[in-house]
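Can you keep this structure in mind? I'll have questions shortly.
Just so it is clear, A, B, C and D label the chains in written order, and each chain counts residues from 1 on its own.
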Amino acid sequence: MTGDLIDIREADFDVGAETAALTAGDPAAGAVATFVGLVRDRNDGGGPGGVAAMSLEHYPGMTEKALAGIVEEARGRWDIRRVRVIHRVGDLSPGDRIVYVGVSSAHRGEAFAACEFVMDYLKTRAPFWKKEQTPDGARWVDARESDDQAAERWGGGGR
Amino acid sequence: MTGDLIDIREADFDVGAETAALTAGDPAAGAVATFVGLVRDRNDGGGPGGVAAMSLEHYPGMTEKALAGIVEEARGRWDIRRVRVIHRVGDLSPGDRIVYVGVSSAHRGEAFAACEFVMDYLKTRAPFWKKEQTPDGARWVDARESDDQAAERWGGGGR
Amino acid sequence: MIQVRYFASLREALGRSSESVDPPPSVTTVASLRDHLAARGEPWNALGTARNLRAAVNQDMVGMEAPVAAGDEVAFFPPVTGG
Amino acid sequence: MIQVRYFASLREALGRSSESVDPPPSVTTVASLRDHLAARGEPWNALGTARNLRAAVNQDMVGMEAPVAAGDEVAFFPPVTGG
């Protein structure tokens, strides 16, 4: 749909502009749900400074294809209007924005569900990999089992 | 918590600035879920132009108290960091923003759940009333049964 | 004295947004206050016939069985529709 | 020929991001391609021992039983961790 966006890039994004773009010229949209993911300065259970920097690798081509598939699946499940997905790659620092997912719809239930669905599927199906710089050196981030569980609760259609 | 906000006002809000305020100076925050509600130009089942304008009345004093209670309840249910709630009152037009709810947390599950919870409870427990201007004259908006159902699914704690 | 407030369609139907009421001793709950007010006839009977009437005491949403005492602020209004 | 691509920790372990492979006819699935590549010894045996190895064929995530044919682009990588 016009107004949709899937964008993989190094540059930061403007949350206000992206959120406005979800409903610009669409007076039938009454609800927008968004998610922003940021680089934390620590790991679970670790203290501040545990993560000094992060770099994000991806699989060009497949990334866009996977995200388009996830958005298409969300459209099949909910009556939504526009979806915008932005994911940064390259070098990032704690506090930096990593990902934006925004969904507009007539009513809030669909927008919330579709936005969370896209994030959950992105976490398990989109080819991004994080590498953290820690005081003990660089390490690739391990996949979280809770992310698999989050994606699985939407049932069927996975992979 | 510092960075929390409950604000009832006539003026529009800046989605980018509000969302940034949820994580400013808080490098432990990795997730922000937000919701923006807008004035639609129609009712359910109706066509464009069915709603030409809207005015929002509230109960000063109780509004802030009810929203603070809703946010406190969200804090008791999820491990979240900051919550910002802005609700406009007065005269609005189709496409105008009405309400902003933003929640930050370490991980996305808590942010999504708390944000949707606050919206669902706001819809049924915060003293706002909408009056629409339609081609047939002004009418107070009826409460939607689906809003009661949305609030009830969170179980207990209500009222 | 009890300060009574009205909002939205109820405010319009009653033609006022608030009043001070000195109810008889029989008024001990929100429901009995509502009945006392409604019994005054037009337009107040709208309080008795309002569909899904909601109430707050001292700015907390309450059920009709909630107690009411002198000095309280009691509000009547239709179901809320914000957000 | 099959174009094989490696990402993230696997790319680092193998010291390369891609290669062109002309596998024997016995290679008909992702799993058999993986085994063929791993059998070449160090460092390729990392493909056989990798925990939770994931794969894509022509940029679609697939299971290890997925078919593979000449001309395909096959990628191996660890579980994804974006977002």
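Operating definition for what follows: contacts are C-beta pairs under 8 Å (C-beta built on N, C-alpha and C of every residue); 3 or more make two chains touch, one makes a residue touch a chain.
None of the values given here were measured: they were computed from a predicted structure.
Trainee: What's the chain with its C-alpha centre farthest out from chain A?
Mentor: Farthest by centroid: C.
Trainee: Taking each chain's centre as its mean C-alpha position, how far apart are chain A and chain D in Å?
Mentor: 26
Trainee: List the centre-to-centre spacing of chain A and chain C in whole Å, with centres computed as mean CA coordinates.
Mentor: 48
Trainee: Based only on mean CA positions, could you tell me how far chain C sits from chain D in angstrom?
Mentor: Chain centres of chain C and chain D, defined by C-alpha means, are spaced 72 Å apart.
Trainee: Where does chain C touch two or more other chains at once, residue-wise?
Mentor: Each of 83 in chain C touches at least two other chains.
Trainee: Please set out, as single numbers or ranges, the residues of chain B touching at least two other chains.
Mentor: Answer for chain B, listing residues that touch two or more other chains: 37, 108, 119.
Trainee: All pairs of touching chains?
Mentor: A-B, A-D, B-C
Trainee: Touching residues of chain A toward chain B in the complex: what are they?
Mentor: 14-17, 19-20, 23, 27-42, 44, 48, 94-95, 106-109, 111-112, 115-116, 119, 146, 150
Trainee: In their shared complex, at which residues does chain D touch chain A?
Mentor: Against chain A, chain D makes touches at 5, 7-9, 52, 56, 59-63, 75, 77-83.
Trainee: Along chain A, where are the residues that touch chain D in the complex?
Mentor: Touch residues, chain A against chain D: 37, 56-59, 61-62, 65-66, 87, 98-99, 119, 122-131, 140-144, 159.
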